[in-house]
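In what follows, subunit A forms one complex with subunit B and a second complex with subunit C.
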Partner chain A sequence: MKKKGTASKLRRSERRAGLAFIAPIFLQFTVFFLFFMGYSLYMSMTDWNILEGTENFIGLENFKKVLEDPLFWKSLGNTIYLMIGIPVGMILAMLLALALNRKMRGKTIYRVIVYLPAVTSTVAIALLWRWIFNAEYGILNMIIQQITGKPGPNWLGDPAMVKITLILLGVWRGLGNTMLLFLAGLQNVPKEYYEVVDVAGGNAWHKLRYVTLPMMSPTYFYVIITGVIGGLQAFGDQFIITGLGPEHSAMTVVYYLYQKGFTEYNMGAACAVAWLLSLFIMAVTLIQFKMSKRWVYDGSH
Partner chain B sequence: MKIRTKERLVNTVIHIIMILVSLTMLFPFIWMISTSLKDKMSALEFPPKWIPDPFNWEGYTEVWEVAPLLSGIKNSLTIAIPVLLFGTLSSAMAAFAFAKMDIPKKNFLFMALLSSMMIPGMVTLIPQYLVWGKAGYIDSFIPLILPGTLGNITMMFFFRQYLAGVPNELIDAAKIDGAGWITIFRKIMLPTMKPAIAAQVIFWFMGIWNDFMGPLIYLDSEENYTIQLALRLLNNMSEATSEYPMIMAGAVISCLPLLVLYICFQRYFVDSMVVSGLKG
Partner chain C sequence: MKMAKRIVSLMLALVMVLAMAACGKGKTLGGESVDNEGNTVITFAGWGSLAEKKIFTSMIDEFEKTHPGVKVNYQHIPGSQEDYLVKLTSLLAANKMPDVFYIHSDEFYSWVDAGRLENLTPYMQASEVAANTTVWEKSLNIFRYDSATHQVGVESGDLYGLPKDLGPWAMVYNKTLFEANGIPLPDPEVPMTWSEFVEVCKKLTSGKGVNKVFGTANYTLESAVWSNGADFLNKDHTQVTVDTPEFAEAMQWVADLALVHGVSPTAAEDSASGWFTRWCNGKVGMAWMGPWDQATFWDSVSFEWDIMPTPVSDKTGKGVTWLASAALCVSKDSKQKQLAYELAEFLSMNVEAQKYNYEAGQAVPNIVDMAKNDYLAMDKAPANKQVFLNIIEDAEKGQFKPTYYTKNTTWFTYFYSESSKVWNGDMTAAEFVKEIQPKMQERLDEGK
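Entry: the complex of A and B
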């Protein structure tokens, strides 16, 4: 009886200590997440404008206005267009991972170099990109001129080229990250599966096609999910390298949000955009999870 | 014998490809450094010169006066140090509690915290901005420091994954010796978590160093600019192409701390990438 009493006392003190340990992070969650989420939802239904000093409840008016704004759809289209970089990066990263997934000298050095662009300062790289892709004096067009004898494209002035410039930046910066994930994924493919192919008389191509590539599907899934979530929130590169771009060709959804909030000071509309973006992200993630059941290998057979 | 020659041939081909890939990846860096060491005129020369002749360090001396880089570095560190110190502690404590302690409604609380990772920060950005504004904290570091000191849910998640692999016997033994939870956390958990902490702190530091949106909306006066905002001032001059040696010098300076961290702690980067990729 007495023993049980001490045990429950111990348990109570453990629970108290546990709650104390999670208290700070929970405080952050409650205040900076829950409270402001609610606040943001409320704001999205008002005509809150700092400049005009208005703060009236207007229901879903903001959402309607944003959804009727062609510029919003253009920015969403641009954002999705810029995500072409995800499959391009994945294919390149896979080739690199396959090349480096073997006993070879200098492997670490290659890995370090390919990852290097991920470890850089955002604005610095944006400035560098503007310089490299400068139509007149940029090194890229100088090389094009040297090789072809003709002037290169106007990377930052032509609506189609602006997107390619931004996609190239994304691929360059993200390649090392994806490659490391793929290398880790390759390590996890069970060796026995390759032996099965050997026994069945298959060659290296069969191993790649029927074992390696399908077994890596959880890694593709992770890369795609994180890539899409990050891609939908693109802003910094555009803001510095291209601005809105010619004909708003570089305007992303978050850029649109930034303009609504901090150029027009139309905070209600900005919150509405943020909510639309979140709903879109959640919907896309959910669809991907649903679809993944069909193609992602989960180790169950 | 035959197999070995074939193997060697494959390796040579891969080496050649990888050297080309490495050069492509390094090319922007090489050009950044090369430009930063040129004088105004030779930066615009055609055909381009890869190695500046002579080396010109003017960009590196001028850039400090044109853009407030020094105060930018100082301000970024002023934000990063308290956030990393307290935020990491708070995340580690919570991770320990979730991994090893008995808490009422543990799973529910944990899932609630994780759910917040699904919502982009943009949603809470604007009301936060308004509240900080009403409280009179625009153009101060408080809005950029305070939330972070309470912890980081991504970091907490990785720590918990890491601690799940630490045997409970360690804790039980300490309990028998009469150690309290704080002692167990300080003397046993923190030391075991060291590699995970190192990796996560580096990543978070990079995040703070590179944060652009936060400082952009909260900080107004130049003397409060973080490194990224200070660099952005250089962008305004990039219309004048002849200023590029100086602009690139600024870019090199702002990349250096991160590159040094990366070279020194290269192993941790790879490790934590692998953990995040597999279990995230």
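Entry: the complex of A and C
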């Protein structure tokens, strides 16, 4: 039915424009990512030692070794444990967002203050918190001592406390960003729905329970997905504040990768860890997408 | 779609670490570097404090004066030794190795065995400066490597690094605190036994909480182990030997300083405030120091201090501690090896440079005569500088760290991280070493 000619000429030029628009990102992707991904996949199957320059193909040996190493599993366990901070942070951020969504004086200032940690350098934050968490001289334990009369916990020295410390820090750091996303989500809830509740004789609690919270589900979904991905890649705080921690209590998967690559110079194994982690992230994310159909409101009904 | 892209890009960000390393593989970028004014440029990389940076900058200025037409590009890499190593590894992967760079003795084996370091023996044999300078034998032996047997620290080996300095880890005491408690000062020559040491510690310990004064802090495990006749590895460094009664006894003795006697900060107290801070605040009677700490102590402690012989185990009568060093190495890929060697030699052996270094409180001079005369005569603390020299000279008193002899050091870091079970009293040393030995052995074997 469609003739080749003037109509498809427009089509063609549109297509050309479209291609031109995606060309830069496509180029960036292939040049800077795709090639190296392939390269690292290959390298994960070699005994690449960066210092010695070896590069022999050894098949899946690296993967086998890593999966057989109890320390890898311990670090994966630690990484997952640390993600307790995600729901905690979401609840706090939601409360903050609800508070800051009202009409009040100095709203902007509060928003800036809460958001500040998100734009501060990881290293500066980590160094600061190392002092705050100091068991003897830290301000946190001074406050605890003042209030309870008992000395506070040993935040960084006790294997049981180290993870809690890292979770607290992570929650605090992520709070501003999550709050901002929730604020945006809150402002997207159509006013009409609240009016419906009013008409039906509902109160503020009903508005929150039956309109606000359900309508925000796409935002939760986004926060959870990015939070889980970020959480699985945790490294900076551990590296600066705790090191491996007593009894490897702060060792995360990326820390494990770092140790393989940069202290053992075994880049082949490090690549294997990176791929295992990538596959894990991909699997977790896919599962979340599948499950999201059940609880994320997408406006289609 | 946006989400999917985000996921992919985050995933890729992870792979980037590896990608970055891969970037530089391939062609050599170097060539003889010449700057705008026609000077030959050589690069030198090192870590260290800002004080050390200042000293090296001056030493390099001196070198440039004696070598007209040569410019040294000094890349001071801030942060810890660990950060430095990551940076150096990246430079290696990018084929941008500096001509001269530090390698710590703990890392020396990996780098030399991988063939990254230039054999300096021929340059040294041809050098007049080297022929006329006597440096500590140990400070050269630590950077010898036999390519036939793949062993480090053997006299038959060739030299692959010149010593930046040789650091003896010595016990230091707070003289003011001893005098305030009416305790006789430690003898400069006769060492304390462990039981005497504990008694003195008890007398020095007083107070509670934040203001508690401790008899000692951070007792060096290597010293306790060696002094008690045990070791981490066997003679040829292939077997982990921590599961001996002597080792367990030494480790328990160190743990008990805090757990039983209360004369040393517990693991919890130590993580709250490190021993170094406590020591500098005058809250520790006896601790450990290396010569590089001298400058800090001169400037920022308000009490008098001196060093003392390493305490000896009651059982063996021996007191051993560790020695470490950093080498000035020349890259195998350097385009100006002779010049690079001369810079390394200058920093290691030049009389003026060495004088400057010890006067600044950074090190014991590498040059034996200078150490035994000028350095000993210097009127700044410590008074018993001979203790440093004894650790350097006497094989019975100073040993290289166990990690020096192995390419892979994870067997040790693993031990170190897990050992908190003993320090906080959850496990006895005897139980712990039995449990940890096979796991350490596994890691040691893997590193070969």
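Here are a few things to note about the model shown:
The rule we apply is simple: the second predicted complex is superposed on the first by the 268 of 301 C-alpha atoms of A that agree within 3 Å, B and C clash if a C-alpha of one lies under 4 Å from a C-alpha of the other, contacts with A are read in each partner's own complex, and residues count from 1 in each chain.
We adopt the following convention: a contact is a pair of C-beta atoms (placed from the backbone, for glycine too) under 8 Å apart; a residue touches a chain by one contact, two chains touch by 3 or more.
Keep in mind it's a predicted model, so treat the numbers as computed, not measured.
Aligning the two structures on subunit A places subunit B and subunit C in clashing positions.
Contacts of A:G245 after superposition on the shared chain: subunit C is touched, whereas subunit B is not.
In the superposition on chain A, A:L156 makes contact with subunit C only, not with subunit B. In the superposition on chain A, contact of A:M216 is made with neither subunit B nor subunit C. By the document's definition of touching, neither partner reaches A:V197: not subunit B, not subunit C. Of the two partner chains placed by the overlay, only subunit B lies in contact with A:T120; subunit C stays clear of it.
Judged by the touch definition given at the top, the superposed model places A:E52 against subunit C, while subunit B stays out of reach. Touch criterion met: A:M282 reaches subunit B and subunit C at once. In the superposition on chain A, A:T263 makes contact with subunit C only, while subunit B stays out of contact range.
Between subunit B and subunit C, the partner in contact with more residues of subunit A is B.
Of the two partner chains, neither subunit B nor subunit C is touched by A:V171. Of the stretches 58-66, 76-84, 202-210 or 346-354 listed for subunit C, only 76-84 runs into subunit B once the two complexes are overlaid on chain A. Shared contact residues of subunit A, touching subunit B in one structure and subunit C in the other: 32-33, 36-37, 39-40, 43, 50, 134, 136-137, 222, 226, 229, 233, 254, 257, 261-262, 267, 270-271, 274, 277-278, 281-282, 285. Contact residues on subunit A toward subunit C in their complex (touch as defined above): 32-33, 36-37, 39-40, 43, 49-53, 65, 71, 134-138, 151, 154, 156-159, 222, 225-226, 229-230, 233, 244-248, 251, 254, 257, 259, 261-265, 267, 270-271, 274, 277-278, 281-282, 285. In the complex of the two chains, the subunit A residues touching subunit B come out as 11, 14-15, 17-19, 21-22, 24-29, 32-33, 36-37, 39-40, 43, 50, 96, 99-100, 102, 104, 106, 109-117, 119-132, 134, 136-137, 139, 142-143, 145-146, 172, 175-177, 180-181, 184-185, 188, 219, 222, 226, 229, 232-233, 235-236, 239-240, 254, 257-258, 261-262, 267, 270-271, 274-275, 277-278, 281-282, 285. Of all the residues in subunit C, the ones that touch subunit A in their complex are 3, 6-7, 9-19, 21-22, 82, 85-86, 89, 92-93, 110-111, 113-116, 209-210, 267-273, 408-410, 413-414, 417-418, 420-421, 424, 446-447. Of all residues in subunit B, only 11, 14-15, 17-18, 21-22, 25-26, 28-29, 31-32, 35, 43-44, 46-48, 90-91, 93-94, 96-98, 101-104, 106, 109, 112-113, 116, 118-120, 122-131, 147, 150-151, 153, 156, 180-182, 185, 206, 209-210, 212-213, 217, 227-228, 231-232, 234-235, 238, 241, 244, 247-248, 250-252, 254-255, 258-259, 261-263, 266, 269-270, 273-274, 277-278, 280 touch subunit A in the complex they form.
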